[in-house]
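One chain, subunit A, appears in both complexes that follow, with subunit B as partner in the first and subunit C in the second.
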Partner chain A sequence: MIELTNQQALAEGARRKTLPVGLFAWLLVAPAMIFILVIVAWPLAETIRLSFMEADLGGETYVGTQNYQDLLESRKFHQTITRTFYWMFISVALKLVLGLVGATLLNAAVPGRGLFRVLVMPPWVIPIAIGCIGWLWLYNGYFGVLSGMAQRLGITDGPFEFLAYKSSAFYSAVVTDVWVGVPMVTLFFLAAMQGVSRDLYEAAWVDGAGRWYRFRRITIPQIMPVIISMSLLSAIFTFNSFEIIWILTEGGPRGATTTLIVDTYKTAIGNYKFGEGSARAVIIVVLLGAFSLAYLAFLNRINRKFGTK
Partner chain B sequence: MATLDLNQINKSFGSAKVLHDIDLAIQDKEFVVFVGPSGCGKSTLLRIIAGLEEATSGQIIIGGEDVSRAHPVERGISMVFQSYALYPHLSVFENIAFPLRVQKLAADDLKERVERAAGILQLTDKLDLKPGQLSGGQRQRVAIGRSIVRNPKVFLFDEPLSNLDAALRGDMRVELSQLHRQLDATMVYVTHDQIEAMTMADRIVVLNGGRVEQFGAPMELYHHPATKFVASFIGQPNMNLVPATVEGVDANGVAVSMEGGAKLVLPVDGSNVSKGDRVEVGIRPENVKLDPNGNIDISVRVLERLGGASITYGEIGDNGTKFCASLGGDAKLVEGAQARLSISVDDCHVFGEDGNVLRRKNAPELVA
Partner chain C sequence: MMDKYTKWQIAGIYACLAVFLTFILLPFFEMFMASLRPLEHLFRSPYQFWSDDFSFQAYSDMWVTVPLLGRYIFNSIFIAFSVTFLTMIFVVPAAYAFARLKFPFKNATLGVFLGVNMFTGAVLLIPLYRVLRTLGLLNTYWAMIVPGVAFLIPTGIWLLRSYLEKIPVELEEAAFVDGASRMYTLRRVVLPLAVPGLIVVGVAVFIGAYAQQFLFAITFNQTRELQPLPAGLYEFIGYQSVTWNEMMAAALVGVLPVMVIFLFLQKYLVAGLTAGAVKE
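So, the complex of A and B:
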């Protein structure tokens, strides 16, 4: 008796003189809508409002577009944006390449494949904070295994503190970010590869296509829609990747690892400049929004091209 | 083009043996169909010929050359898959051109060969489309196109029509037969559908449990099935098998007493049976006539009026032996009633207890 037909439900409602169907429907979706309004729409609106204010712990004053003008004129802010895109580009590229290589290896018929598939998971499963603290130790100059190995192999003369120099800190953060991000990309690619019909490979094999040829002309085009969606998702995650940088370097040394999201946090929460922080947050939303739209349009074209739509 | 010889092919997957000592000699330009129920090993045998599976032992010889260990390309075979295995992201042109691209053929030559194949298969105006935009029959033709551009010595087909609806399957059967004549090539075709086997094959290989039951021309299999299995596999509706006891053997044949009471002298070679042996008499439904003076009584259970024929299902004798007769479209019968049928002794097959046939003496002459 759980699945009443529409008519039965209406008849039931009429008999009991209960709510009209339209109102009933609204009531059903109300909890979800309220939830979204409270945790997404309202904070977003509030952020946009704050971005036009000079706001700190002392109060709020309306300053118009001043916060945005300051940002656009700031050389430091331009550097941050460039750094953020560079960070995103290099990290996503590494994740995609490693994910593709990893998925291909995991998809190959090797003994113990099941075990390897499980071993890919930990970076993704371990809480990011705990993983990052592990990396902090790895990067440590005096106690870290990396510095130790570099010394024993004669690559460095003494202890090398990876997170103490601008360039090494940046790339160390990239490595950790890639470590966290690769498993998800790998598993999605693996799932996509397993969805490719075996017949396609057999047909190509009978026609004489070698391993690389099959990979290039069958695997890649067949999983292209997943590659595109994963690169979009991965780009957004990486752009907004905060915990990893914050735990490793807090954006330092001398701003070398300060991406847009870290800058926003430092401004709004660290320095209590809520207005200026909000302006940065709004810029992130606009940038990512534009980026996503462009990407989705591209994805549509790819899907058409590769015959999945 | 080439002959294809299989010598003592065996195949095991782990401890499961799926093919037992397969010996076949397929002639140049012959259309041979492997037929059998699911799990009989027909697809595995085809994949071994293709080089997609390796035989556990035995030799594959194509055009006189031992290719048992050779790569599919070196074997000079091409294969059409049940799923068509078309590349969804490539156009029809590129799908057909795929094997030639692998060979790095020059562009003009490639274009010419793809267009020739497309012409043969009436795909010329579809070359720019994607496989997703084609009907089932057209996709099938693209898959065939991809196999013919390479000019292989032997074409292999793995149940290529099983994804098509019944009407289209009939059309494609005719097209494939025509294609065979046009290309004049050796073709090996796997199916579980005996109608495809009967209509297209020059010769049929009936496989059962990983063994060759019989290898022969379609009408030979129909009139001279070597075993009970072949007899009941070939022919539609299936042959009736009526238990019987041998009453005597002489120069005229074997006298039997059938379930249901009929006593007949069947003109078959009786050298392997003697009085008292249990045998089975095989009677094709289409060889039975409605006849008040006949020799078999049937209680009719179900009647299927197909228009041109009435397929009559019923029982004979006291033990409920099932019997099927294909009678005239307007045969005067009712479900639940009794009817009397007659069969000609010349049309009867007799199978010994081992399932092997006793050779018929008066079977019709085979037609090509």
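So, the complex of A and C:
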């Protein structure tokens, strides 16, 4: 493309009839849209089609809603759904609470906070899979520092394998998931806190309001929009969290950490049952969609009630 | 003054910070300790936290055990950069349209983009595999770049849109009244003003691309030379023995370049989040 000088370009623009704004906007959006349609929408349509098939490496046969009926009747699948939502709620709650605490601490005017802010970032910045390898080591009964220290202090008799028992494996995975998610939540909260006008705090301070009161009555309401958007975002991430569970436990022991996404992957990629796997994938999409819509509707009602924007 | 703390309050804040940062940094510390331990010490019982023969041997041995290690580190960064670059090319015009222009089906279109946020690659792996095969992209860099771009476009649009909305519209109107074309206004007026926002969104996209390459790599790519670091690390798990200490050393060395880059960019990142994501 020929580079025009400023004046030439301005003259050119004046002479030419400009594009209608709607068309121009669509031209700008179209590349991204087409890309998304090919890489996300087309596979999604394929997934829906496959979910009505009995499909494996050999071929496909149409089975109607058989895959869905099997899932609806399967007790194991019901447990997986319950487990997934439990996993999501507990992990998101911890991320929000820790993020809020962390952001408050990092927002405190103490020497060295610039350094502390940098030190929070690593789990967010490195590949998730690499962080998980570190945790794999921490949870190891023989050479992990957690089990090692527990032995030293006499809490356990011998090596304790965190990932070998159903409930310890589940909560270990939760801790790792929280670890991966907390830095981002913390930094977003911190950024929001710094956006709160100092005048508000000073006015409250002059009126004799203590720190806790200021935190509750100024900080929290002011950063509420960010808390809300981060909780929805975290919920979706956590629901879909795959690599962490896969690397730590592959869904075990005895299915204790199998969430919907892990179940889907195992069925489709592990056992080549593409049809059944796709049915699970569709259910994930429906559940997440319903959850997001319910959440947004709930927010709308709150907003209308309190008239906040 | 309002921000003044008593001695005890400061001590309390530091104590809480210490606990918080211990949680965040513990795995890194553990990986570092593991990288120093000679292999034969790993299964020693009872557990010993400290031992006298810690060595940095693993840091030189790892390049021999996995000769392609340097390549893996490069691949990781190369893939993340390519994803970021391509994503930004798609995101910038779209975000501008959403921030400034009125057009039919605007909200519906934005909804479609945000809906994509609800998926991860793991849900769509099977058909995605087929799509990539149809496009002839399996076992190439593209197999890892293309899905990454698709899943990051929505986040990018969302972040950049709110940033662009804050740029005063008067400048564009002035340029437009002076006869500049729409494209010219976008390129010469809006983009230069949006540079800080572009950096922030770029960094956020890069983090996403760098953090989440594992799944696409193990599923869509069988070419050894093209694997990114997280997938390449599994080569330390050999047929006969697992050289854990070298694996940990390689993981730490592998993420070092990116960590250094972020050290310089962190100010932009935190500042940019404030500008972009906070106030609607």
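Heads up, the rule we're going with is that the second predicted complex is superposed on the first by the 267 of 309 C-alpha atoms of A that agree within 3 Å, B and C clash if a C-alpha of one lies under 4 Å from a C-alpha of the other, contacts with A are read in each partner's own complex, and residues count from 1 in each chain.
What we mean here is this: a contact is a pair of C-beta atoms (placed from the backbone, for glycine too) under 8 Å apart; a residue touches a chain by one contact, two chains touch by 3 or more.
Please read all numbers here as calculations on a predicted model, not as lab measurements.
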Side-by-side fit of subunit B and subunit C on subunit A, or clash: fit
Which superposed partner A:Trp205 touches (first subunit B, second subunit C, both, neither): both
Of subunit B and subunit C, the chain that contacts the larger number of subunit A residues: C
Partner chain in contact with A:Ile261 - subunit B first, subunit C second, else both or neither: second
Which of subunit B and subunit C A:Gly252 touches, first, second, both or neither: neither
Partner chain in contact with A:Ser197 - subunit B first, subunit C second, else both or neither: first
Superposed arrangement, angle subtended at the Cα centre of subunit A by subunit B and subunit C, nearest 10 degrees: 80
Partner chain(s) touched by A:Ile218 [first = subunit B, second = subunit C, both, neither]: first
Which superposed partner A:Val285 touches (first subunit B, second subunit C, both, neither): second
Shortest span in Å between Cα atoms of subunit B and of subunit C, once chain A is used as the common reference: 5
Common ground on subunit A, meaning residues reached by subunit C in one complex and by subunit B in the other: 202, 205
Subunit A to subunit C touching residues, read off their complex: 6, 9-16, 18-19, 21-22, 24-29, 31-33, 35-36, 38-40, 42-44, 46-47, 50, 98, 101-102, 105-106, 108-110, 116-131, 133-135, 137-138, 142-145, 147-149, 151-152, 159, 179, 182-183, 187-188, 190-192, 194-195, 201-202, 205, 225-226, 229, 233, 236, 240, 242-243, 261, 264-265, 268-269, 274, 277-278, 281, 284-285, 288-289, 292
Touch list for subunit C against partner subunit A, complex: 2-3, 5, 10, 13-14, 16-17, 20-21, 23-28, 30-31, 33-34, 37, 42-43, 45-49, 76, 89-91, 93-94, 96-98, 101-104, 106, 109, 112-113, 115-120, 122-128, 130-131, 146-147, 149-151, 153-154, 157, 178-182, 184, 188, 207, 210-215, 219, 228-231, 233, 244, 247-248, 251, 254-255, 258-259, 262-263, 266, 269-270, 273-274, 277-280
Residues of subunit B touching subunit A in the complex: 50-52, 71-73, 77-79, 81-83, 85, 87-90, 98-99, 102-103, 130-132, 146, 150
For the subunit A and subunit B complex, residues of the former touching the latter: 197, 199-200, 202-209, 213, 217-218, 221-222, 224, 305-308
